[in-house]
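Two complexes follow with chain A in common, the first pairing it with chain B and the second with chain C.
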Partner chain A sequence: MPRYAMVIDLQRCVGCGSCSISCRNENNVSEGIYWSHKITETSGTFPNVRFHYIPTLCNHCTNPPCVRGCPTRAMHKLDNGITMHDPKKCIGCRYCMINCPYGVIYFNWKDGHSTWKSDNAVIPGVTGSPADEVRKVGGKGTPYYNPERNATLPDIRPKGVVEKCTFCDHRVIRGKLPRCVEACPADARVFGDLDDPNSHVNQLLGKFRPFRLKEAVGTEPAVYYIRDFSAAGYPRTKGGV
Partner chain B sequence: MNKFYLWMGLISIGILLGLWTTFKVYTVGFTVYAKTDVLVWTLPLSAYIFFSLTSAGLAFVSSFPVVFGIQRYEVIEKRTVYLEIAVLMGSFVCLLLHLGAPLSVVYILFSPNPASPLWWLAVLYFVYFILLISAFWRIHTGKISKTLGTLIFIIAIFSSTTLGWLLGMTDARAALNASFFSFYFPLTGLASGMAALILFTMVYNKLSGQETTTEKRALFNEFSRLMGIIAGMVAVLFLWRTISGGISSTAVEYGAFKHMIGSIPYNIEFWLGLVIPTILMLLPKIRVTTSGKIVASFLLLVGMFAGRLEFVLSGVVRPLGQMAEGRPEIVGYMPTIYELFVVLFGFAVMLLIYSLGERFLKLEAAPE
Partner chain C sequence: MDREKKVRKSLMKDFLGNINLSRRSFIKASATTGAAVAAGSGLSFELKALAASTGAKGNGMGQWLPATCQGCTSWCSKQVYIVDGRAVKVRGNPHSKVNMGAGCPRSHLALQQLYDPDRIKSPMKRTNPKKGREEDPKFVPVSWDEALDTIADKIMELRNNNETHKYMLMRGRYSYMRDVLYDRMTKIIGSPNNISHSSLCAEAEKFGPFYTEGIWSYRQYDVLNAHYVLLWGADPLAANRQVSYYSKVWGDVVDKATIAIVEPRLSASAGKADEWLPIKPGQDGALAVAISHVILAEGLWYKPFVGDFKDGNNLFIAGQTVDEEAFEELHTNGIVKYWNLELKDKTPDWASEITGIPAEQIYRVAKGFGLAAPHAISWLGGGPCMQVRGGYTAMAVHALNGIVGAVDNVGGTLKANKEYTSKFPKPDDFMDDIAKKGKKHEKIDQRGRLHIPCLKSGKPGGAVITNNSADGILNDDPYEIKVAIGYMNNFSFSAPQPERWERALSKIPFLVHITTNASEFSWFADIVLPDTHHMFEKWGYVKAIGNGYRHVTLMQPIVKNVWDYKIDETEIPWLLAEKLAERGFDNLLRHYKTYKDPETGKEPSSDKEFALYSLKYATQQLWDPAKYKGGDKFDGWEAFRKTGVWNSDPYPFRKRWGKMKTKTGKFEFYSETLKAALEKHAENHGVGVDEVMKATHYLARGERAFIPHYEEPYILGDEKEYPFIHVDHKSRLNREGRSANCTWYYDFKDLDPGDETWDDVAKINPLDAKKFGIQSGDRIKISSPTGSLFCTAKLWEGVRPGSVAKCYGQGHWAYGRLASKKFGKEARGGSSNDLIPAQYEALSGSSAYYAVTRIKIEKV
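Moving on to the complex of A and B:
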């Protein structure tokens, strides 16, 4: 059984957000919920400033506090290392959200895609309503509805339960890559098996010095980051006093 | 008679508002609460913690005659156990309105996870409730069961300390501060349990106009002094929590708690809930008066209620990881009217059950 992991090359990542958009389409993710997201930071003082961009998703930790704390095993580990959730068993206590150090688990505070249910046209008589748009394309709840998501998880999750990235488990079991990996135009995301010494992820982890988010918490994330992008140069100097 | 029906009418308003809130929560969604992806635990959960720890505290009090053999406390045993049941029902109401999918709790049975403190809490509370009903029935029929009383005492210790474990497991939220709460919770639970018993008994005495026996007066004077001492002990621990986590710690994770130190719930907890009741109950002239006891116990309960909210917010107001994206370092919280109705619902259910017991089940009666 493989043990899946992802390597994100920060030098290749251009921060375009394709990962987040494709994830939303693939998994029918509602507005306000981000299975794929980012952490941005600005360092330095003007005019010496720098922008940092770190793409984020569920880390599918080897030692996941969300799984340990879930009273009904709704949050659980699959044999392939993916941290999965079962909305049927979720009691909506949100203890997993409290336990997750990365803030990647979301709660459905209301029915999914509620803005698409509106029958109010933006400009009456001129534009269609959100509900018209859904009907026009034959979607279910949202115009970008993907029925394939239903293979391992309810296509649209009900209100009152949590949800998060699943490494596109429904694609992975069919031998496909997670949608964010496939959609990345810069090939900044590399997916593979940690137990295969020749996998691309292992090649990259051996070649570069990887880091993971909040390693001190001891969760052993399966999402690794390598390299960092900076086009800046500077004249050779020893500083001064 | 009229006063009783007026009281029932007031309670009914609280229950109706609670039912309306329940309807809104399960039709509109949890957006009726002031919750965001950061503020995942707020007032309904803190109210649940307040009720459940008060119930555990009452269990400690009910163990005085049964477990520790202090027989003079037998005269208040029936009211104490019944109040435990009423308070526990209040906690269940708040918990149900906190859970997103309460019907799925059956999976606690069918898909158990013993590694989860939350699973243990659910099991403990289920057993606790059954034992409480059985113990009360025994007392109502005239006998105290030592076995049931001992089991209730043990479960109250486990439930209140497991609640500490529940928060202690969250390594990512240092401000919830693990091991500290495993002993802070039972102690504060005892304080609020004692306060609840004193408040309910004193108010009942005042309203019923019944003559209190000298023996019972002496018992409650002693009991009130004990409550003052416990409140003082809690105040000392509370200060140490402030010093270690809020002043001397340099860890950024404690930023949320440092923020809460200046908050309204924090100051209500410390000044109104701990300092004033301690002073009032350590002054003999005030301690022996019914009004003094009522004011001190009421303030202590108000303080404990605020304290539960303060500590829940300490854990959540600082966004973690990607949740911090586009958000301030500390997120503000103001409860919505529906969250207040949840609390009102909890109190209304508790008061309804207690008032019916007071009227029909002779809570004054001492077991054999």
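Moving on to the complex of A and C:
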């Protein structure tokens, strides 16, 4: 059984967010919920300023506080290392959200894709309505709905449960890369098996000194980062006193 | 939400803490005849065949079909995942050598455009005869038949009255099928007025390369072989052009090259650059000539391209004039004249005061750039040159490529590769006397007048001056416009000072708009026709360059048409031609019937056939093995269609050295080409070149008009009343101006450095904000001498004090339920164009967007 992990090369990352938008698309995620996300910061004072970007997602921790705190085992580990959630068992207590040190678990306060349920037209008779569009196109929730998500998780998660990144387990079981990896134009994300010593993931982890988020809390994330987003050079100096 | 933000903030701190301990400090060193598919049914047979043959992947529910994205002008080849006739996902087409399978963030938003609930379902007509921003058009649906009958009647009226020149066609986003509608139809009806959007887009950017190396076009850059990349207002990781390709390779470029970026705002690309040169808006020319000065003074120019002093001693000494005879020039023209007339006094110290960039940094960048010769790229974006006096800046920035020998060279700046598409049949035989007479009138944009030379490709009056057409229409100068059609354009939103367009469009007695959404332009129309979406519903093709290749990528109908759309550039003109023929004027239809199917020799008999045949006709030399000329080879139309993209041969480096399309055949620092164009224009008006300079707001007189040089920017507004200079920029999520009705646009708006989700912010340096008592989140009104907008203040260190940066894209008052706050009534956010005056870089005809106006800010 493989043990999946992701390496994110920050030097290759261009901060474009294709990962996050394509994830929305792949997993039929509603507005305001970010299975794939980012931490950004503008550091420094003009004119010595830089913009930094770190892509984030569920870390699929080996030692996952979200799983340990879940009273119904809705949040659980798969044998392949993926931290999975079963909304049928979820009682919406949100302990997992409180326990997760990374803020990557989201609660569905309302039904997904609610704006698509509207029957209003901006120009009556000439333009359609969102509900019309979904009906006519034949989607579900949205016209561009992806039915393949349904293989391992309800395609659209109901109100009152949590949801988060699944490493695109529904793709991985079909031998396909997670969608964020496929869609990254910069090839900044590398996915693979930690148990395979020759996997590309292990090659990179051996070549660079990797970082994981909040290593000190002992969660053992399966998402690793290498190199720097802003790999700028600067004039050589010893500073001064 | 708050908790989430806090968590992320503290994560960033931890993370950066980790990085500080790292090794980083050691390293750097259908489709078918578009016939589409009856609504409600599944895929047509052809669609299924196409799907089956393009590699349907195991156990997926859909197929990846080829497509083309025109969300920006990168014009990438794509594939779309189709499930049951529905578009579900988008990715880069792996067959393209230009974008190499890479995508980008904005391409995904195409799905939300395609299924935008506010798209027009059927043709509609205005029932409120009064036109104006405040007048609800009261649109009601009509049939295609009724809509086209009405349009044909109006065109026939012009023909019967011998006033066909009062017909006008306005072009917005186009494919290369454009000439069917834009050129042939306009000419055969008999009007000179085919007005493109091009001068809103970039013409000043083409001015630089044309008047130095003879190419009126965008360039491509061999970044993987470059050692220095100097970007001028260009943001290749976010906007224009080949965002996909540059995103793919930038991580490697960072390794190999020093990257410096000149821009008053910390752009997406600046976030990953070695040097940020946050220049005072409008002063790019000063920096470009100072860098050139240093390279010459330090002896770093590329001698195998430029040549050298005969005795080998560098006589380029600051402040000293050089004898032209002392230098033996190779593939360039006028390096010594350039030094004597402009560069000799332009030291970093001189430029430092003007640009706000420290002299040490100017010197460091110049030296680094020069040492990297010839693998050093000076990359011109729109910012430095789409300014009132930006034409010579465009030349100065591009001339740097000449100085370091990067032109046409490995690791340098390249033109487009050869491609082999064909033009459509000539219209001449189908133009009757009315048409010929009509076409001879002056164009409505007044191009070529003394103050607007529009010197495209060396020809006075050769370039469009789009935004000036509004004034032509308003003043009936040279005459009134009675019937106008616009397609995929939105000048009353996308052009500076759009209020002029609102009045101009209101004044046109009969206006037609072909569009996907009821936009700010449609608001003034009499008839609105529902357009197909280019990426999923249209036959067409476009060409693009990057990675040392050119591709020609196809647009095809690959989804079910949900409503009754028709293709703007082919189906609609065909249907109109039929209507005109019914009325006794069949020239256009007879002309279109000459676009025969190259495979069968059949002439088109319907709009659907015409759409397909004309595309096959234009691309025949790419797919027909009997007509093969180069690049990728296909065994026929079906094979080409299934791959969706043709790639050129690789770039032939240094083939143009000594053979450039300039007057001298060389790379011109002293531009004989510009001299001839300016003298021709002056002669047309019986004046001297100095008067042309004066009429176009330029300060240069005499010989300086023929060389790249620095000009003080021409910025509207008094500094006391308007303390800030406005900095406009583009979003990595903009699909031109058409993303604002997509939820993903707002949910991810903070992908633009400094911007916020679900808001439209003006970015202000905290020092300035403090002076004016403004805080992040304050609702503010920004005003320029020509207009105002409302938005939210955001304090941000990534913007130069004295300037305020605001992203283009929001501020729609129509277009859809999300784009506007109240459709037809109230804008969401503010559009930069409401601040920008209708000013021009007149030598190219380009609208000025940058360093063109001062603004003030009030809390509201």
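General observations
In this text, the second predicted complex is superposed on the first by the 232 of 241 C-alpha atoms of A that agree within 3 Å, B and C clash if a C-alpha of one lies under 4 Å from a C-alpha of the other, contacts with A are read in each partner's own complex, and residues count from 1 in each chain.
Going forward, a residue touches a chain if its C-beta (ideal position, glycine included) is under 8 Å from a C-beta of that chain, and two chains touch if they have at least 3 such contacts.
Fair warning: this is a prediction, and the values are worked out from it, not measured in the lab.
Look at A:P101: by the touch rule set out above, it reaches both chain B and chain C. In the superposition on chain A, contact is made by A:T72 with chain B only, not with chain C.
Looking at the shared chain after the overlay, A:R24 reaches chain C, while chain B stays out of its contact range. Once the two complexes are laid over each other on the shared chain, residue contacts for A:I39 go to chain B and to chain C alike.
By the touch criterion stated above, A:H200 is placed in contact with neither chain B nor chain C. Between chain B and chain C, it is C that contacts the larger number of residues in chain A. By the touch criterion defined above, A:G218 lies against chain B but remains apart from chain C after alignment on the C-alpha atoms of chain A. 32, 37-40, 56, 101-103, 213-214 are the residues of chain A that lie in the contact sets of both chain B and chain C, per the superposition on chain A.
On the side of chain A, the complex with chain C involves touching residues 9, 11-18, 20-22, 24-26, 31-32, 37-47, 49-54, 56, 101-103, 115-116, 118, 120-123, 125-130, 132-133, 136-139, 142-148, 174, 179, 182-183, 185-188, 209, 211, 213-215, 225, 227-235. For chain A in complex with chain B, the touching residues are 32, 34, 37-40, 56, 65, 68-74, 88-95, 97-104, 106-111, 158-162, 213-214, 217-218. Put simply, chain C touches chain A in their complex at residues 3-4, 7-9, 11-12, 14-16, 18-19, 22-24, 27-29, 39, 58-61, 83-89, 91-92, 102-105, 108-109, 111-112, 114-122, 124, 139-141, 237-238, 243-244, 247-248, 250-251, 254-255, 258, 266, 268, 270-276, 278, 364, 518, 560, 562-563, 732, 743-744, 747-748, 750-751, 753-754, 765, 767, 796-801, 816-817, 823. Partner chain A is touched in their complex by these residues of chain B: 28-31, 35, 37, 40-41, 98-102, 104-105, 107-108, 111-113, 115-119, 122, 166, 169-173, 315-316, 319-325.
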